[in-house]
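As written, the chains take the letters A, B and C, and residue 1 is the first residue of each chain.
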Amino acid sequence: MTDDWVNDSIAERRAAEALIVDVDGFEGPLDLLLMLSRTQKVDLRRISVLQLAEQYLVFVEKARELRIELAADYLVMAAWLAYLKSRLLLPPDPGEDGPSGEELAAHLAFQLERLQAMREAAARLMGRDQKGRDFFVRGDPQPLAVSRKTVYDASLLDLMRAYARLRTRDEFRPYAFDRTDIYPLEAALERLSRMVPGAADWTSLQAYLPEGWRGAPARKRSAVASTFAATLELAKQGQIELRQSDTFAPLHLRRRAGQ
Amino acid sequence: MTHPLADSQNKSLFPAPPMAEQERMIEAILFASAAPLTQAEIAARLPHGCDAAEALAHLHRRYVGRGVNLVRVGDAYALRTAPDLAYLMQSERVELRKLSRAAIETLAIIAYHQPVTRAEIEEIRGVALSRGTIDQLLELEWIRLGRRRMTPGRPVTFVVTTEFLDHFGLESARDLPGLRELREAGLLDSRPMPGRAGVDEDGDDAPETGQSELFED
Amino acid sequence: MTHPLADSQNKSLFPAPPMAEQERMIEAILFASAAPLTQAEIAARLPHGCDAAEALAHLHRRYVGRGVNLVRVGDAYALRTAPDLAYLMQSERVELRKLSRAAIETLAIIAYHQPVTRAEIEEIRGVALSRGTIDQLLELEWIRLGRRRMTPGRPVTFVVTTEFLDHFGLESARDLPGLRELREAGLLDSRPMPGRAGVDEDGDDAPETGQSELFED
């Protein structure tokens, strides 16, 4: 007795485990129905939906006996199949609205056939030649080299505005100590140093005054003073020679020989 | 004066290159690219006045039966090695990601029923679609979002991509294996459950509009 | 007996593929390869009995004058796009950008005062001229070097170019509106301060300041 009980229990447990595995392996109630339909060994178009509904209900009943928790959608499907079964078995009630049992059965058969068809289509798709497995792309592609070219744009209006801005700027600028008439010594020294190599002959200091500093007396004075100071500095450094024929006579300078 | 920009701007000044030259230009352009290029993309890189369509036809003929073939992928073109030589390519073979059964089935449903909503995919498979499945297919760039369905809730739809066609060596979604037979058997129809009693149908979303018109030819 | 291993062990049992087939095999292998392959590497991937050297020679001839060529790289082989088509692999993206304030002001000064020296430009603008500004305008071909000024240091001068006139739709630089016209156009809405000569005017340098007198009002 004990042995029997043990054996029964083991068999039961095994069956239960098998069912659990199966339930895990199914992708929903429609998938389970599709598997069950295969046991009928007929074309899906000639399937007996009534028989299928019974098979499903037996499966669910078995699971219940084995205390296997089925997901809700399996139970919903079971309820719907029980309803379908009753509609198929009972003579049609003329007073009842809604689709007939045959219509519902036909739709279930359609769903199963469609799922089956999609399974087959998926298998055929995956069986096709695949990129990277059966055919290959260029192994050493040459990316399109994108070079950026900047085009600067300016309109005539931009140009005119810029010029107008320059010509009127001084009239609007905030007050500042005006040093525009001061020619700095640093500038004169820098300018003169640059020009010395070309000064092989005696040239008047006046000629070395910068552009724009020869007109207005105040500006010219500043330029003369700074340029003169610069010549003294360069003479001291031995870069140039200075010559003056008389007091207040024009000052001449030239590059020192050998420089 | 040979600046490409100048070419396209001064249409009449430069005659189009001879067809043989156009063909070799396209050959070089397609050869250099791993991804398929549309005819428009190719044309944009050719000098003005070229006939990309005709040059592509010439090039296609030239590569018939060669080790490399000119294939059409959607509205694009690419050079690909001939599939019968796959066995020589061991060193180039890339390990394809193992797809779950759900992912493969979902991909097939999208390809054959596109544009298709999530609810429709779930109805066909009879089971809820996990988030990861769609994500995986999106990540592979095999599917993308299509237009929203003009039904209540305006659900998004999914369609397959050029990358999908390229990966499976398809000229277009019309060339999916067995598409015609499936359509003729009515298996691509969207048939609502009679009397609306199904477990996984969403009444609001039951589309009467067939997706299959996309594949009418 | 058809096991691939059997092929290499029983050399005589399986004839080598025809030369045309060997050629297309190499074509596919070189196409898919990420790096050039030596003849030995190619031979190792071909079925037994193939003559890689001869097939390579055939393949080389096939691609002579095509958009893609079989080239030798060291002691290896690769398919490469024809060098004369390299320009197809480049695309130029044109970006439109406004000229900087320094550049447009410098350009305006050159246009209105040409020929003008760097020192004069600096004096008018009141700030030092960066090398980049002049370079940019030279590069745009809107200015060029004029004659050297016949003064100590013989500074270079700048003038505007025909390209400049084309761009701004001018017949000549003399067509640039003068100060009065600028004022009338509302671009210059203040009158010059009375008695102010302006820092850019030179009493004793008039003949050399070129066309600035043209714009006096």
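Keep in mind that, in the parts below, contacts are C-beta pairs under 8 Å (C-beta built on N, C-alpha and C of every residue); 3 or more make two chains touch, one makes a residue touch a chain.
Here's who's who by UniProt: A = Segregation and condensation protein A; B, C = SMC-Scp complex subunit ScpB.
All values derive from a computational prediction rather than experimental measurement.
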Farthest from chain C by Cα centre, which chain is it? Let me know.
B
Using mean Cα positions, find the chain sitting nearest the overall protein centre.
A
Taking each chain's centre as the mean position of its Cα atoms, how many Å separate chain B from chain C?
37
Distance between the centres, which are taken as Cα means, of chain C and chain A, whole angstrom:
28
Counting in whole Å, what is the centre-to-centre distance of chain A and chain B, each centre being its mean C-alpha position?
22
So chain B residues touching two or more other chains come to 31-32, 45, 79, 81-82, 89, 92
Which chain A residues reach two or more other chains?
136-139, 142, 144
Can you tell me which positions in chain C touch chain B when the two form their complex?
23-29, 31-34, 45-46, 65-68, 79, 81-82, 85, 87-89, 91-92, 94
Can you list the chain B residues touching chain A in their complex?
31-35, 45, 78-83, 86, 89, 92-94, 96, 99, 101-102, 104-105, 107-109, 111-112, 124-128, 166-170, 176-178, 182, 185-187, 191, 193-195, 197-200
For chain A, which residues are in contact with chain B within the complex?
27-31, 33, 73, 76-77, 80, 98-99, 103-104, 106-107, 110-111, 113-115, 117-122, 124-126, 128-139, 141-144
So, in the complex, the side of chain A touching chain C is made of residues 136-140, 142, 144-156, 158-172, 180, 191, 194-195, 198-199, 203, 207-208, 210-212, 214-216
